[in-house]
Every structure is written in structure tokens, then in C-alpha cells.
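To keep things simple, chains are lettered A, B, C, D and E as they appear, and every chain counts its residues starting from 1.
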Amino acid sequence: MNIENKLLKLSSLEGLVLKLNQDGKQVFAPVKKDNIVNFAPVSAFHEMTQDYIVTARSAKFVVFPRVETILEMQFSKDNITLKDKDLSSIPDAVLLGTRPCDAAGFKVLTSIFEGDYIDNIYVTRLKKTTIISISCNNYDAKCFCTSVNVHPGGTAGSDILLTRIDNDNFLAEIVTEKGKEIVNKFDTLFDIAPDVNKDSLVANVPVEFDLSAILGKIYPRFESDIWVEQSLRCIGCGTCAYVCPTCGCFDIQDVSDGHNGQRKRSWDSCGFDLFTLHSSGHNPRNTQSKRWRQRILHKFVYVPEQDNILGCVGCGRCSRACSVDMNLKEHLINLIGELTK
Amino acid sequence: MSDFQPKIVAFVCTWCTYAGADLAGTSRIKYEPNVKIIRFPCTGRIDYMFLIKAFANGADGVIVSGCHPNDCHYVSGNFHARRRWIVFRELVDFLGMDVNRLCFSWVSAAEGAQWAKIVNSFTEEIRQLGPYKAYMELVKKDKNESVF
Amino acid sequence: MEKPRIGVYVCWCGTNIAKMVDVEAVAEEIKNVPNVVVSRNYKYMCSDPGQDMIINDIKEFKLNRIVVSACSPRIHEITFRKTLKKAELNPYLFQMANIREHDSWVHTDRAEATKKAKALVTAAINRINYHEPLKELSVDINPATLIIGGGISGITAALEIADADKKVYMIEKSNKLGGYTADIDLTYPHLSSVQQMLGPMIERMKKNKNIDLFLETEIKEITGYIGNFETIITPKNDNETKLSFGNIVVSIGLRSWDPSPLENYGYGKFPDVITSVEFEKMLLSGNIAKKDGSIPKNIAIIHCVGSRNKNYHEYCSRTCCTVALKYANQLRSAFPNASIYELFADMRTMSKGCEELYTITSRKKVVFMMFDQENDLPGIRKANINDNCEMIIELNEKRSRKFVEVPADMVILMVAMEGREMVKEVAQITGVSLDGNKLFIEKHPKLDPVATTTSGVYTVGSCQGPKSIPDSVSQARAAVARILGTIARGTAQVAGTTAHININICCGCQMCISVCPYSAISFDAEKNVSVINEILCQGCGTCVALCRPNAIDIWGCSNRQMTAELTALLLSD
Amino acid sequence: MNEQNIYMPYLMRIETVRDEAPFVKTFRLKFINEEILNRFTFKTGQFGEYSAIGEGESTFCIASSPTLKGYIECTFRQTGKVTNALAMKGEDDVIGFRGPYGNFFPIHEWKNKNLLFIAGGIALPPLRSVIWNCLDLRNDYKDVTIIYGAKTVDELIYKHELKTWDERSDVKLVTTVDPGNETPEWKGKIGFVPTVLDEVAPSSENTVAIVCGPPIMIKYTFPVLEKLGFTSENIFTTLENRMKCGFGKCGRCNVGKVFVCKDGPVFTYKQLKELPQEY
Amino acid sequence: MDSIRKRARELLEKNTVKVVIGYGVGSDNTVRAIFVRRPEGVEELIFDETCVQNLAVYLLKNEIKQIGKLCIIANISALRTILQLASEHQIHEEELLCLSVTPNGELLEFTGFKDIENYISSCNRDLPDKESEMIKKLEKMSVDERWQFWMNHLSRCIKCYACRSACPMCYCTRCQVEYNQPQWITVEATLMGNFEWQITRTMHLAGRCVNCGECARACPEDIPINLLNYKTVLTVKEKYNISAGTNANIDSVMSSFESDDKENFIR
């Protein structure tokens, strides 16, 4: 679909949020609480904060909740019944205020959850979610989107992308049919777009490293000492994966009280020792350095090779959340240093 | 008195309180039927996890009971248990759990009547407190876990 | 593991359970619990036909788990474990639900009691899914025996064991053997001389090479377990000695109660109000006289002093009534013309020949008067000069309902017998529990009255409950039979319910080592993990609850079993 | 329904339970749904996710031959939550199964070759499936040799089938137990699998070797095979990395770039040599 | 700072230690842990009041232990952690060397655990004011208010267990939350699971927590879980007069007892 441009007034957003909610859609937007900004359900636009670079946690939970019942079961003395997930119970949602990196992150998740085995739960959630992103006009030292081919004004993954023109107005780029549906439904809120140079409106995030110096070059360094070197500080807490918009690893567990039960999928992290531990006690990734390597390779080698998409969108969340200052951008830069040695 | 019938489980040691409850039986002392006993070798064995699991499975109150100090069949199990209870009780109180729903007691093999008394009074106390709704909220929230 | 095939047996216990619990409904509903193959109810599960029913079902339905819902496991767990053994099923694949002591006997609403029974049985069933066959370990038995207390029961046991050519260590706190028996003149019912019996026994004790006698010695601590106990003693005038032994007999007897608190009897106030024990000594010395040396003309014997009295000792001291009759007879022989009064509450003369002694005594011009022990005890006051006696006992005679004043020059109080001063310490050292009366608790009040819950430790004689000499002697012999049996086998089985450590999980913090009261845990420095000695472990489970990573679990009371029981109990409630 | 939710297992009824060795059992499983029963197919070497419903899922290979219709078998050892729960199931009980997943042994490429199967301990199940599959197509293959070892005599699994193979004139079976663990009646060899392999020294001429066993056994077996002249592309094995989903989403089982669940579990030694040591 | 660098350089040059665990400059002018293995590297070492991370968490990390004998630049929390870990037999005197700096800039080198004990006994081990006040405030609340407070916080917990990874006392080979037969703690990050997890974490740290605050600092959801631990620190101090990390040779609070431990709730 060709991208169509509109004008959306800041004042119209109030109405938009209200109407979306009235329409039965759950609206998630960045909300500031105790000085951290995270996506939370909002019923009115003013609950949303404007003061954020990116949220602490990514927005992935809307399509890939931290815990999801994937099927249910019932037990009687001699019988077991399985109940499929009721996909129709998944609500319509709108994500407002995602950044272009966040939106791009959904593409990565999708590449994991689709493929030859299609995870319909994810797919349905995504289908029912409209993503209205806002371009970045600011960035911080942890951001490195432009180094991984994501643009602070990029439309990939968004259904609508808003870019701030001035204090009162947004440029609204209608990227997908889903976005268009919203515009059509609430057309009174949208105006004709002015002619603007979008690039001048978004942040100018410097390119910090040359991606091509990494791509295709890390895998041969599988046994390099650099992994140990970089990860000595890492305490294996897994936080990076939990906040990351593209980490999709999960665990499946059953809970049951003997009468009823659910099979649940929940977030997991390759940073954990237990993630790959065999019941025999053998563990193929038994040190933190191997697990750190897995994280980098997963994003920069395995996902790109399998799905033709880079596994990291440069949002920098992992680095911000890490309590021991494992800075991904810095690590990538010195990785390049090592590779070019 | 409300007609709410609380669910109460009692974790007791086999040597003192279980025997005490047996004595209450042989003495035909009558008491409320709400308390159901689970027998452990010693109070030292009673992991605080069992207490949490009791509430998670819908208990309105929990009794933990064993031998009086210096009377432990295993010499010191009850002393260790007491330390654990003190810390546990303070902690869950701090977390906002209702510690009135926890009853710790010493009941010896000879105190059948004392057992009956504890059961009756604790049952009544819990009946006054009503069902442990706050904790059930936790459980319920899990069951219909939010979609997001 | 195999698929559990559970047999559930709900017992009526005659009407004991069936009256208050709808046992049929329970057995019926239980059929719906997963893995239950057979569910039955029966009048007496512990009876032979009851047990045979289980054995047959095990064979016929290939049952591999048995739940009996009946009385307290403290009574019949062992019985049914043996039943399982007979059916060649591991005895630990068994669980009891207590619907008698904890249900039918204590509740009054049949519907509620039935509901509770269902919950208890369901919990037991759910739990038994996770029972595992356990191995009982066998330990070697040191053939020596330690006996604590050299009264008639201790002496009997010692001689019996020594005669079988096995070593005995006898620890006696006082400076002589014999206990109370050494102070008794004649014994009821036939008034034969006690000392003629006891003297030769003590002589044999002294001569027997198999017996090491330690007088004026006390035990401070015992370590070890059945077959392998140890202690260090410091006998008077002697060096520290280390003793090793395989079994322990506790026979420390009882002591007589000091009746001063019962002020109405004036003990301590009137010089001629004396206790039975004091009188017995008088008899033994052959000189019955008042404190001033004169002969008493009026003698009253008051029963149940401090016994059968809610404020002091609720239990009956058992021998006093007959002893009192014995005194009346001995007094009559000594003073053919004296007035002898027996003031009793109830006349309890059980045992062979004792009721006859009562008949004989009553024909000897002994005046029997009854008082109301519960509400109206006799009182003693000093007599007036013209009363012609020292004291007047006032009482409301219960049968005639008349107020009576009994003249007395000497009053013998038949005092209660109570636990010895050191009984708590002895109980703790030997690992045996005391009941509220400071009497040792037996393993089973009816079926195993000399053994205790600690294997290798037996309690005999009056310390287990007031009793006569023949009863004390029988108990001693019963215990010896058990001990000699174990010694002959050379090994004993210790329960399989011990703790065990998963060395893949243990992080070597060694916290468990500091909590184990039996020093059963040690540290394997090479593997950096703790290890449990299964024989030393008594299965208290303190280490289990302490170990943070749950590296320790305990057979027979595992986290899995207990949680299964707990969840089912609450969910079916 | 199952087509929609990739996590939805099929329900299967346990037809028989067989104790193989201490803590090892074999289930024969039959699909409850007739339609699935009729259309279900798999290839030897593939695996599935078996669930003790309410307790969780576990990964086992399908241990029976695809030539047998109407049921599948799995053999598992009790090691944890799910396998312990499965072990408590009996005949007529229902469990869950989803699969088949993964690649398979290219047995059609092995036509007219000699087959050498080498297995250790509880790793016989995946080989059992191939062995029977090949024996059912016996004429397609030349010599069939099976070398199987376990720690103790008791721990040898499929004892009755070992007997059948032993009795067949068209199969050469060599069994062995670790030194010191033989019983008085033991008639097989005594020694570790790689050593026994060296002794038996089957010819590598026109032969493929299929090896399955604990990592340590594999590590010592490969060099012996190479010494005997086997080329790495003629040596096959299966890997067992931990996995949850079975289809490349949960992120656990990858060995470098390859996913054991999708690209494996069957690998040639040649492939393994190119992979990092992450198994 | 210079004295630290000088001493570290000596130690590395003489090969007395293989690695110095210390503080260095991190991204955006923050402080991070660094691992100095070559004498030249000591120039990166810094030490000032911003160096709050408890570096003792690295003492038990395999990759670091493998390097060889360690030297750690320890703040008070780290020193206390070392004593507590020693009392739990997790580290041994000969395995490490500790350097520290007093508030007035004096370099301290500890030759053994006794040394550390002496120093610690003179240091302030109190809880930080902010947390102390918060605990007091919470204690004054009604039970329901406290419950609400924690439910609001714990509902955010995503069960990442960063609090566990960051805690130097959480060194178990296998954490109880991973114990699954039975499943003690509800696996998923639901309110129940989160609540049970925090009870367990706190109970397991009772009498062992050295109030370093790493747990809360690590929590990506900013849940003040350290308050729970601090509460037990207070309980243990008040009831048993013990503070963790002051003695390398005592039984931990939960594995010992006094026969007259005071309480007022047992019937």
C-alpha cells in the first residue's frame, strides 16, 4: 500500500484516544509512574506522557504477553479434555506512542512466530493491534538505531506513524490498511497533510558503527576470547531480554490443581543458566560468556540468516536496564575493533 | 456469629500436637470440625512454603503447632521452627498479610483439652475475620490472568 | 514408579466411627478419586478378616498403594504396615486417614463429620500417589544394655539379661539398690516379706560378673541410636567411664508426693500425720509409735491423698488402696485393741487376691468410712483435752450422709505417686516423651506398653504408670524379652523415613550440618556437598525445611507428598 | 483445531506400558481420534513433544518403526517433573502428543549398504526405530550389525528385542556392559562401547554407521570409526538439546546456527564437525 | 585512588593476584565493575562514594574464579558479604585479597577475615535513612494499605530474577523457584507467583542479607524489594541481636537458636 499522508492535530489525539476506547479497543501509551515510563492502558490522552525517549520496557507484551495461556485442560477421573485457546477473546488493541524502533521490533518477533509453524496466538494478537508510532525527535547515548538500519522516522512495523511538525501538529503517515481503517473510521480527526520535510523533523541519530563490519563476520569468531572479556561483568540476570522488543524466547509450563489446568507460555531468557540445562546436568551453554555470545549471535547472525531481518533495532533498552552497565552499543563497537584486528 | 465455615489447616508434629489431638479424641472432647490436620514428624520439618501453599489453595487460616520448648522429641526441632516463625510472621505482616490468620501454638501429647480449645477459639476468630478475600484475589487474578 | 493402584478401606470401628461418619458414603464417593481401584468399608479393619480383605484385594486387583481410613496412625499404622508386608507390598506404600480421634469422636454433627472424613481420605489418597517403597536399614546391635534406675523393675531386668550372659550397666542415683521396694515390709495380698525376696536379688546383682553397677551415678547425655548408644558417666569416687550399649531400659520409678499443700490434712502441722512411705519405714523397723514414743490408740488411714484429685494428680496411684488394707492388717496384728479407721473415697482393690484382702480386713474390726473426694475432703483438727485422743478427723460420711468426728492419734496419708525430680531430664536424654502427669509415654498404650517411640529404649515399672511389684516385674521381663530378641537377631531395622541430599543441587553452605540434632550430616569436602548418614538420621526433617535450594528431601514425608496432601485437603474441603 | 494452535497436542491413549530397566519405560500409544490415527505418518529419527497433561511436556524420539501402523512407541527415562509424571501413568490413561518434528535418517540413501548401529544406555530408542525400519525393509540392505552397551546388565533396554535380534541370522548383535558390572550369567562382552567397537572392527566398506549415546560415548566412538575408515558423512547421530516448542521458536536448542528441532535432531558427523560445541 | 592503583599494580606485577576486581568509569559517566588483569590496566581503577555496587557478587562467578587468585576493591557492603559468604563456607581466606579505602582516603589491606571483622565492627552498618523511613512508614500503615502497597508494586514484577542474580548472597546452584516437584512457586509472573517469589527470596536471605541494596538496583521494574530484606535485617537485629556479615565463623541466624528466643504470639 502506498503511504498516505495526513495531518493530525495534537488536540485531536484526545478525541482519538477517547473514540478508540469507546470503540472497544484497549489503548496503550507511555505513562510515567515513579519516574519510569512504560506502556500502560490509558483512557484519555492526557494520561500519556510526552517526555520519553523510549519506554523502559518494550511494547512487545501487547502481542507477546509475559504469560499467555495457550490452552486449557479439564480432568475427571478417567477423562481429559483439552480446550483450545479462544482467539476471539483476544481484544482489539491500539499501541500509541511506540517509537519507530519499537515498531520495527515487531517485524523481528513476527519473523520468529511466523515461518513454517505459524503461531496463531501471536499472529492474531498482532492482527488485532494497531500500532500508532511517533517518530523520535530526541535520542540518548544508548540509542543506536541508525547503526542497525532503523530510522528515527522509519515507518516499518507501524500502521500509522506520527511525526511532530510543531507544538500543535503531527504529520500522520498511514502505512497499512489497518492504519487506514482507523483514519477512515475517525476521519473527522484527520486533516490534509501539509508539505513538510520529514527528515528535518526527526532526531539526527549518529551512525556509530558500520554494520557491515559485523554482519557475516562474527560467526567465524565463535571461539574468540572477546565473549569472555565482554561478559565478565554480566551477572546473567536476563533483564536485557525481558525489556528487549525483539527477544522472543519463551518457556512452556503447565499449571493444574488436579481438576482444571492451563498450559502457559511465559518469557524466558537465553541469559539464564537454566535455559539450556539438560536434566542430566549437562549444559551446552554453561558459562555466562557462552550465553552472552548466544544473545549477540542470535540477534546479529541467526535471525538475519534465517529470516533476512536484523534481530536488533538499536533501541538501547537492554543497556539502559542493565544494572551492571553492559552497554550493547559499546560492545558492538569494540567487537568491530576486534574483528578488524 | 456468622455461618461462614472457614477452611483451616493445621500443620502439627506427630509427637506432641498430633498425639494431643488424639487424646482430645480418646477423651471425647468436642470441638469444631473446621480444622484439618496434616501430620509432620517435627515442627522443624514444617517449611514456611507449606503455609503459603495453604493460603494459595484457599485456606482461611493456618495453625502450626508442636511440642513445648524443651519437649521436642528430636531435641531442638521446635526451637529452629520458632526462629523461622518469628521471622516469617514479621515478614508476611510487613507484606500486608493478615497475621491473625496464622496461629502458632505449643500443644503437648497430654493437652487434648488445650488442642480443642485452640481449635475452637481459632475457628471462631477466623469466622469473625471472614473468608481470606485478599489472598483469594491473588489466586483469582492468576486464574483469569489479564490478557496482557 | 508405576501407575498407582490404590485400595481405600474405610473403617467403622464398630460404631465408634460409623455412628458419626457415614462410612458408606465416604467409601462410595472416594471411588471417583483418580487412581482409586477399590474402595470398601468394613466393621473392623484391624481385625483379621479386615486385614485379610486388604491382602486379598492387593492380590486380586494388583493394588500397589493402600489407604486405611480409621483410627489414629499412632495406634494402627504398624499393624497395617505388617499387613502390607504379608501381602508382599512395601509397608511404606501405606497411609492412614484418622477419622476417629480427629473426627468421629470429637464432632457432633454427622454431616460435618462425614464431610471432614471425605476430605481427610481424599488427602491421604492424593498423597499416597507419591509414596515410594522405602528400604529399612539394618544396624548391628551392641549386646550390652544400659539400665537407668535400680528399683525392683530395674533389678529384675538386669538379672534377667545378665543370666542370659549379656552385659548390663546399671545406673542408680541413690546409694543403694531396691528403690521403694527396699522400704516395704510385707507385700499384699498375702503379707509375705518383701525383703526376703529382694535381699537375695540384690546379692545376685552384686555378684554377677555381667553386671557393672554404678551407684550414686547419673546420666547426663546419651548419643547414638538403637544398637549403638553411647554415654559417658562419672561415678562417685571414680573416673569418667565411657559406656557403649545397644538398648536402654528406663526404670526410674516414681516418688511419693509431699501432701503439705492439702492443708486440711495438717501434714507438717501435726506430728503424727505421716505419709504411707514414712509408715512403711516404721513397719520395716518393727516399731510403730507416735512421735512422742507412745503407742497410738486410734489410727486412721486416709486414701487418695493427692491422687484422683484434679488439683494435684488426676490419675489413680493404683496401689494405695490395697496397701492401706495391708496396713490395717499389720496394725491389727500389732495392736489388737486399737481403733482402726479406713477413710476412703472408692475402694479399688484390683489384682488377684486383693478383693479377698478387703473382705478379710473388713472382718477385723476395721471401720470403713467413705468421703466425697471431689467436693468434700475430711479435715483434721487438734482434739480437746477431754476428747481422749490427739486429733479429730471431721468428715461427712458419704454413705450414711452423716457428719462424723473420728478420733485419731496417728493418721496415715496414702499419698499419690508422681514423677521423680529428674524425670524431665531423663526423658530428654533418652528421647522419650512424657505425658502431662510426667509418666513416660509408651509406644502403644495397649499393644506395646514397654517400648517407646524411640527404638531401643524401653520404660518399665512405675515410671511408666503407678503399679505394684508383680506388674513392675512383668514389665521388666517383657522388655527383656524384647531386648534379648534384638540381641539374638544381632541387627535391628531402622525406619526408612530418613532425609537425603541431592548432591547436584547442594551448594555446600553447611547450614544443615548445624541444625541436625543427631550429627547425622557431614561435609564431603571433595565434592563440596553435605551428606547424610541414614542410620544416624532420625527423620525429623529440620534440615529439609532449612535447605534453601531444596537439596534435601525426606523419605516418607517428602515435599511432594505433603503438598499433594495439602492441596487435596483444601480442594476437597 | 490442531491446525490452528501449533501447541495443541493430540490425545493418545496408552495401550501398553513396559518396564525396560530401572526408571525406564516404554509406552505404546494410540491416537484417540480415528482420523488422525489414519493419517498420521512420520519418518524414523523424528521426535515429538509428549505431555503429561497438567504437568508439562517432554521431548522424546518416536521409538517405534514407521512401518508399524496404528500406534507409536516412546521410551523414556525418569529424570524430572514431566517424566516422573508420565511414569505414574498406566494402561488406558491419556497423554498428549504433538509432532512429528525434526528431520530423519535418510534410510533410502542407504540402500544396498551395510548398516552399523552403535548405541549406549538409554540412547537406543531412536536407533530402535531405524533398526526396525531397516529390518522391515531387510532386502534393501546388506549386513546389519548392532553394537549396544549399557553400564550394567540391568540397564540394557529392550531386552526382549535384543533377544530377537540375537536370534536372527541376518543381524549381528554385540552387547556389552561396563567392566565390573557383568553378572554371572552375562554372555555378552565386557567393556566400553568404543573399545568393543574397536575389537569387533566392522568393515567400513560400503557401510554407514549410526551412533547414538551419551556425549562421552559419542566423543570416543567417532575417532574409532574414523580409524576404521568411516568417512564423516557416513556417520550419523542424533542430538538432544533441551527444547520446549519443537519447532524453532523457544530459542533453546540451537547449536550455533542450526536448530536441533528443525535442522536436526539427525546430523552427520561431517555436519557436527562444522558446528560449534554447543551440544 | 592513587594508593589503590599503586597497590593493585604491585599485586599484579608480582603475580600475587591474577585479577583485580574494582570500579572503573562506565557509560555516560557512571561507574561499572572492571576486571584488571594487566598492571597497565590499574590506571582505569577508581574509588569514590559513587562506587556503590557490591562487587562481591563476582567472587563466586565461575569465569572469574577461573582466572586465579583475586583481589577485590571492596566497599563496606562487599566486605560484609565476604564475611557472610565465608561463614557459609563459600569463600576461603587464601582465595582472595581485599583492598578498601576508608572515608578519609586511607588504603586498607586486609590480611584475613579477622581483620575484616575488626574493621567492620567499627563501621556503620545501619540501613540507609531513606529505606529506614520507608519501612517505618509502611509499618504505620494499616494491614490493608500495606497489602495494597505491595500488590501495586509486585504486580509489575516480570519474574526476571534480576534481583536474585544481583544479590551476592543468592549463590545457590539451583534456586528454590526452579524446584518443580512440587512446583513450590507459581512459575509465571502473575501476582501469586510474584508474591510467593518475594516471600521466598526474603526468607532465604533472612539473617544473611548485608543490606547492600543490589537487588532493588537491579530490578528493571524499580520495585523496592530491598525493603523486604531490610525488614528482616531489622527483625533479626531486634530479636536475636545479630547482623549478617560481621563474623566469618558463626552459624547463620536461621540455622541456630537460643532456647529462650523471645516471641509473644505462640499460644
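The definition used in the following text is that a contact is a pair of C-beta atoms (placed from the backbone, for glycine too) under 8 Å apart; a residue touches a chain by one contact, two chains touch by 3 or more.
Worth saying up front: this structure is predicted, and the values here are computed from it rather than measured.
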Where each step is a move between two chains that touch, what is the least number of such steps from subunit B to subunit D? 2
Touching subunit A and subunit B alike: which chains? C, E
Ranking chains by how close their C-alpha centroid sits to the total C-alpha centroid puts first chain B
Which chain's mean C-alpha position is the greatest distance from subunit C's? A
Report which interface contains more C-beta contacts, comparing C-D against C-E. C-E
Return the chain whose centre of C-alpha atoms lies at maximal distance from the corresponding centre of subunit B. D
Intercentroid distance (Cα basis), subunit E paired with subunit B, Å: 33
Between subunit D and subunit E, tell me the centre distance in angstrom, where each centre is the average of that chain's C-alpha atoms. 47
Whole-angstrom distance, CA centroid of subunit A to CA centroid of subunit C, is 71
Could you list which residues of subunit E touch at least two other chains? 174, 181, 183-184, 186, 188, 190, 254-256
Please output the residue numbers of subunit A that touch at least 2 other chains, ranges allowed. 67, 75, 251, 253, 257-258
If you look at subunit C, which of its residues touch at least two other chains? 504, 515, 546, 559, 563, 567, 571
Subunit E residues within the subunit D interface of the complex: 180-181, 183
Okay, in this complex, where on subunit B does subunit E touch? 48-49, 52-53, 56, 69-70, 76, 79-80, 82-99, 103-106, 118, 134, 137-139, 141-142, 145
Could you list, by residue number, the parts of subunit D that touch subunit C in their complex? 17, 19, 23, 78, 84, 87-91, 93
Which residues of subunit D touch subunit A in their complex? 1, 4-9, 11, 51, 53-57, 79-80, 83, 92, 94, 96, 214-215, 240-242, 244-245, 247-257, 262, 276-279
Which positions of subunit C touch subunit D when the two form their complex? 1-5, 129
